[in-house]
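What follows is a pair of complexes built around chain A, which joins chain B in one and chain C in the other.
Coming up: the complex of A and B.
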């Protein structure tokens, strides 16, 4: 399935809905949306991952980029990630740097 | 399976993934093992394409070959980039650090090695040969 990333911003919360397959060839699209969100002054990034079927380390690198761009205190929510995507997030220790939720509920 | 030769560009990641998933299905791997093999091959192919070819200003292909026997799926990726032995890369030592302090590199190789039962490297003439072995039956 083709990759898609769509951004919605609401005050200081940016929501990016990801679907399809996120690899090194599609990660630039995701990165561009994060950049747009940061430019708009977002302080919180909510990633809706229910329909994201695959994520390579290129996707993890965009999460590092997000923290660098939006500031270390910016919260990243990972919402509804599928089992294998979550497995990659856990294996690499990224679970300690993001807020993992089944359904989005702001803390 | 018939080998697959693709050009060393990021557009090849998709046909590579399709070939890996076809091999995983032919070997009867479960969902998790299939996903992890696809991730492993994808990460190594990405490294070869970006670092071995694009950044080095070299053109080259990737040759993929899946072989299935009674016990294992053996998956081989060959490239003509400069010598790179992923098995010599140390595991990232910053997996506990806050994200903003983490290194960008090294994660792909780490996921590749963790994703298969055996991960091997050989140099053959002017080629790097990375070999991924996945057990077909876990018992």
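Coming up: the complex of A and C.
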């Protein structure tokens, strides 16, 4: 399935919905959306991952970038990640300092 | 107004590749704006070619010769622009003389791994049989340094306060009973942090985690043809800067760097330091018959100690010897340790066969080895623990005399030998007294403190603690070398039967001996180190050299935790006792005097009669009292601690020194009693009935706390 990343902004909340396979060739698209969200000054970034089927190291690198780009005061939500994707996130430590949820529910 | 940078524009082309003169420093492959800077040195190569692969590809996608004008001194350096750095692997071909007698092994048909490779592919998943026809086995990749450490940094626990747990990454959780999601990996250690915390250790020492090849010298297991004997322990480095991919659950997607960093960060959060066992004495290239992976083809004469005839010196017992006091090799060792300390937040290093690091290029021991001095005074390593295995396989034995420069600690092999002899009933009380107080006979004369002494009774080399009390001799047949490998000097005693037995008396004695060992270890001044699994009675069935087994000889069986719950409880409480009592963790050697005016010297020795230790050669009993008023050189107040050790075969009555100010002796541990009356939680100790004396059972240790 082709990769897709779409950004929606609502007040302080930016939501990026990811689908398909996030790898080295598609990671720049994701990164561009993150940069847009950061520029718009979002305080909360929600990554909807229900339809994300695969994430390679390049995708994880963008997640790391995301956290550093958004700054410590922004909350990052990882929502509905499939088991394989979530497992990779956990093993590489990206689960630290982000909010992992099955369904989006702002804290 | 800011102009676009012009120093990052290509100036040369080669085919479709855009190049620019590289920067010689740092060595290795480094991301720079717009591209990757490749830099490699060779003192004897005539020319060098960069070989690029798409990740996992069988054939190179490009070979880019370094233009002559891109060589500075002996360093080849180039920037290649617009590389998809996440998806490439790189290597080098070196042109130069092939003349082994002169020490030169150049062969441009071979693709060589960068000695500074930070990530190495090719053995991505542990145990997956490699393609033996691969033209490039260990593939250098490019690393990103974007890991988010948040507020982490090395813990800097004072050395004298450490309790070290030596473990093998794969062995710790590979056994099915470990019940972790990814057995045998860095990620799985993270899952077991609660266990380590409950045990109470505050540092883990990881057996080699630098990239190695488990298939090096692999061969069928003579006792089980379905299984291979492999390079399991990993004391044979392929690349000094890269973590072992096969130890990472994420190795198959090339994320081993992040997984290991995440483990370090998480251990730090839980108060545990990480010490790496590092092997700089030799490499995986072996002798004349070994593979050419990197160093041999890049600059053989620089990297290895060679005989005048061009053969490899073998002070490591593993085929070759790294030329550690060649100035160039010194620098790579320094670069490597600095990298691990700064990029991975590693807390300390234990140097395998460290005496080799003090030999000159012809093999002679140096009085003031420059490498050891450099490491001791390096600003980046300044807070790292530096621990030497102070001997080598070439006959150099430097326990007590390792060139320390005020910094180096030592695996105290004499501690191990003395305690083993004492426990099995060989007497040696004079020796024991030195070991119990941090081996001042070895270290005080040079002004080295007690934390110089890493006290251990067992380590990965040799018997486990259970085997130490279950076997008189080694049983290494499974290693396929007719029981010729492994040490013959084990100072072990089987308690009456070789190997497992149903004899209740023998089993009870073995349990007691294990408890005696850990009790003595945890009240000894210095830094205690325990071997993974000893706390639950792990056995290697008498094998004292399990370097080649990827099976239950090495894997920790977690069901032992239930079977031997009393041992775990005993270990845990002994460690808690040490952690609770600063009097056991002195930074300075005892003075044998009462400088606090407490009425007691900081340390006093006793026998079956108080104040009268029997120092005769045949004596098997000794008792020691530490004065709580002298804890940490009198800067903190602690309880008094008295330890009676009776390694005689009969119970003996010990008269106990009296306490002042209404204090009373309480029983913390008595290995002669059966669980649960063998040990108490620190603070919960019952008062000793008779404050003047007590019966200490045969081959037993009693620890009292005076408060």
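Convention: the second predicted complex is superposed on the first by the 107 of 107 C-alpha atoms of A that agree within 3 Å, B and C clash if a C-alpha of one lies under 4 Å from a C-alpha of the other, contacts with A are read in each partner's own complex, and residues count from 1 in each chain.
In this text, contacts are C-beta pairs under 8 Å (C-beta built on N, C-alpha and C of every residue); 3 or more make two chains touch, one makes a residue touch a chain.
Small disclaimer: the values here were computed from a predicted structure and weren't measured.
In the superposition on chain A, A:105 makes contact with neither chain B nor chain C. Once the two complexes are overlaid on the shared chain, A:11 sits clear of chain B and of chain C alike. Here chain B and chain C are compared by how many residues of chain A each touches, and B touches more. Once the two complexes are overlaid on the shared chain, A:68 sits against chain B and chain C alike. With both structures placed on the common chain, the touch criterion links A:39 to neither chain B nor chain C.
By the touch criterion defined above, A:84 lies against chain B but remains apart from chain C after alignment on the C-alpha atoms of chain A. Applying the stated touch rule to the two superposed structures, the overlap between the chain B and chain C interfaces on chain A comprises residues 24, 56-58, 60-61, 64, 67-68, 87-88, 91-93, 96-97. Residues 21, 23-25, 54, 56-58, 60-61, 63-64, 67-68, 72, 76, 84, 87-88, 91-94, 96-98 of chain A touch chain B in their complex. By the touch criterion stated above, chain B contacts chain A in their complex at residues 10-11, 13-14, 17, 31-32, 35-36, 38-39, 42-43, 46, 49-50, 95-96, 98-100, 102, 104, 107-108, 110-111, 114. On chain C, the positions that touch chain A within their shared complex are 84, 86-87, 144, 146-148, 150, 181-182, 187, 248-250, 253-255, 258-259, 261-262, 265-266.
Across the complex, chain A meets chain C through its residues 24, 56-58, 60-61, 64-65, 67-68, 87-88, 90-93, 96-97.
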